[in-house]
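Structures follow.
Two complexes follow with chain A in common, the first pairing it with chain B and the second with chain C.
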Partner chain A sequence: MLKKGDLLLVAVLLLLVAAGYFFASGRTNSSGGRIAVIKQGEEVIGTIDLEKVKEAQRITVSGDYTNVILVEKGRIRFETADCPDKVCVKTGWLTREGNIAVCLPNRVIVKIQGENDEIDAVIG
Partner chain B sequence: MKGTKRLVWLALLVAQALVLSIVESWIPVPVAIPGVKLGLANIITIVVIVFFGWKEALSVVFMRVALASFFGGGLIIFLFSIAGGILSACVMAFLYRKFSRIFGILGISIAGAVSHNLGQIMVATVIMKDIAVTAYLPILLVSGIIMGCFVGLCGNFLIEALRKTGYFT
Partner chain C sequence: MKPVTGSFLKPDLTSLKSVTAIIIAVLVALSGCTSKNSGYRKYSYEFFGTFDTMVQVMGYAKDENQFEEMAMKVQSRFEELNKLFDIYNDYEDINNIKTINDNAGIRPVEVRQEIIDLILFSMDWYEKTGGVVNIALGPVLSIWHQYREEGKANPSSARLPERKLLLDAAKKTDITKIEVDTSKNTVFLKEPGMSLDVGAVAKGFATEIVAGELVEAGYTSFIINSGGNVRVVGEPRDGVRKKWGIGLQDPDANPDPYRDEYFDVVYVTDASVVTSGDYQRYYVVDGQRIHHLIDPETLMPARYYRAVTVLTEDSAIADFLSTAAFILPYEKSRRLIESLDGVEALWVMPDGSIKATDGMVTVSRNLGNASGK
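And now, the complex of A and B:
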């Protein structure tokens, strides 16, 4: 049942995972503020500077489904959603740069970028 | 195996795969990451690849995904599942046909689980139009390895048990 190639496959995959983490950790810089970007498909719905949020506010995103996004000072999350899996709500608060939460059925993504994160903005 | 008998077996296997994917949706997964799931229906895909062939495996996967998204899902969920399902069935069938001397059922299942996740991430990147979703890739690789091991073990037991019945060769 277990052959040599199986172990080799697992080893190669684990190596890829390690490389992925290494690559990801090298990309995040801890400088400056945090900008939350809310997108639905290609359309940018909102860009919020999380440091400057004074009062909690709710943003409703509609489409095939409806998501309610809650913004507080320094953090953002999907509060409620009527999609079937609710993965976006279970993701919880996003606080750090590089954090993302997605609602695939409604094509909504919330991500936190650094203040000078121009490269990400171009690709996105 | 030919004709009506083969058709009945394949229909039964589609039904079983469908039940497995429904049962799976009742089992809570502790991590909130899109695409992390058990992939129990893959057990059936492996069995079909071993006892029937790649064409049958592709049609069983297509039927299962179509019916599953009909019962609960929708168009976007269908696109995700079909991309992952077809890619993983192709990869597993290819490995089984060409490289079964190198890879056992366990390795084939792991490759299937990982390629399922890769297919989903590719569709997610296209649908979301955002490269940021690839951040989920490492964790999806890990979950693919773990779930692939489990599914491969189940598939292996099932294949041995089915061989003993004498219906399949």
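And now, the complex of A and C:
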């Protein structure tokens, strides 16, 4: 038979295990701050912690064309672009892990780091 | 409090055993979850420079190196296939589709097996679909391409090609005048002025080649998304899901973040999903959207749908059929899809209403309540 103290021990250990598990999964799934990465071609040109953004800011990316990327707390988007298609602007706000917007003509990718665990790919 | 402390210090052996047993049971249960969740991690990698689009590779791997190895294989093979199937650029020491076009009416061109396979595949499916997607439509499509590029660069002077120009070009689009010699690996366009345009199939064909080679190399769980041409292999390795979720983008691409950004999600495994839409490549003339999917009968953009999504295992077939199904009017389009084994489709009509085959309904979140579990 288990004594009261044993049960407490089990409870404490359970909590520890659960906490460790929660911590580890929290780390790997990065359920904390969402990080937006801006890449041009293969090169990372900016990394932003979206949770730490206080005031809206704009980032201009030049190349064959010019994109203006708008960053607000918790979200990011292509605001304007002088490329012909403007697919990047039409994609709108990125808010979730794994969200991605692309300007093909200027080879710019904006992506929120981490992977979406429900939607694996998007067909546009 | 005392007994509690005491029991911490001096647990009797029998109860210690049961405590240990419980703890071990709990640990096993959790580590099962943990290894399911973190034994494999999901990675993704994007690259530009092939097939006029961005290619995304995604997969579950034990570590980053393992994933990177796979992603690099995909990129280098895509780069090679892009050169082979290119109709606009020459490359040193390679005969590609442009080389074939440049030698129309002049001489047969010796090409790599992949090009022979692509052309034979396209001729075969031309027959199977009643001639609705024609890779010999190059002369017509190049006119549209030119007007589209000019129209995008100078929207105020964007215009439609003259009818006569299109009709003259259409005289040189006879697919039976493509001569493929499989013993010599040569392709010859028998009439001067002919040209191949493999835009409706090259990306899907390349994706299928690369996916097949990864499977042969032992990779069992991945996705290649080449600009909306999605090929999934195996199951997601997160230990939870049995199927991959593929989001279908709203043709109107509503940029409202508080709304679900997908108008539907399909859940699939070992399949290809490809969409042809009027919003993918287009220019605007007098407020009208002039897209790139040209009906070989009318020589004009087809106008029966906003988008058609095709689901079938082979990515090349899915790519080809999404164009075919987009160009055909609904009755014929649906009949074509339903006549083929293992092929499903979803049509977005001009008024935004949705039609779908039964098999598509089954895998759809909105139409069939499907999920990835």
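FYI, the second predicted complex is superposed on the first by the 83 of 124 C-alpha atoms of A that agree within 3 Å, B and C clash if a C-alpha of one lies under 4 Å from a C-alpha of the other, contacts with A are read in each partner's own complex, and residues count from 1 in each chain.
Here, contacts are C-beta pairs under 8 Å (C-beta built on N, C-alpha and C of every residue); 3 or more make two chains touch, one makes a residue touch a chain.
Note that the structure is predicted; figures quoted are calculated from it, not measured.
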| item | value |
| --- | --- |
| Contacts of A:Ile109 with chain B and chain C, given as first, second, both or neither | both |
| Which of chain B and chain C A:Arg75 touches, first, second, both or neither | second |
| Winner by number of chain A residues touched, once chain B and chain C are compared | C |
| Which superposed partner A:Lys90 touches (first chain B, second chain C, both, neither) | both |
| First, second, both or neither for A:Glu42, with chain B first and chain C second | both |
| First (chain B), second (chain C), both or neither touched by A:Asp64 | first |
| Intersection of chain A interface sets (partners chain B, chain C) | 1-6, 9-10, 13-14, 17, 21, 24, 39, 41-42, 84-85, 90-92, 98, 100, 102, 104, 107, 109, 111, 120, 123-124 |
| Complex contacts: residues of chain B adjacent to chain A | 32-34, 72-74, 76-77, 80, 99, 101-107, 110-111, 114, 124, 127-133, 135, 137-138, 141-142, 144-145, 156 |
| Contact footprint of chain C on chain A as seen in their complex | 1-6, 8-10, 13-14, 17-18, 21, 24-25, 28, 39, 41-42, 75, 77, 84-85, 89-93, 95, 98, 100, 102, 104, 107, 109, 111, 115, 117-124 |
| Touching residues on chain A, where the partner in the complex is chain B | 1-6, 9-10, 13-14, 16-17, 20-21, 24, 39, 41-42, 64, 84-85, 87, 90-92, 98, 100, 102, 104-105, 107, 109, 111, 120, 123-124 |
| Touching residues on chain C, where the partner in the complex is chain A | 3-8, 11-12, 14-16, 18-19, 22-23, 26-27, 30, 33-34, 37-38, 41-44, 46-48, 52-54, 56, 58, 152-153, 223, 225, 228-230, 232, 236, 238, 240-241, 244-249, 253-257, 261-262, 265, 273-275, 277, 280-281, 283, 309, 372 |
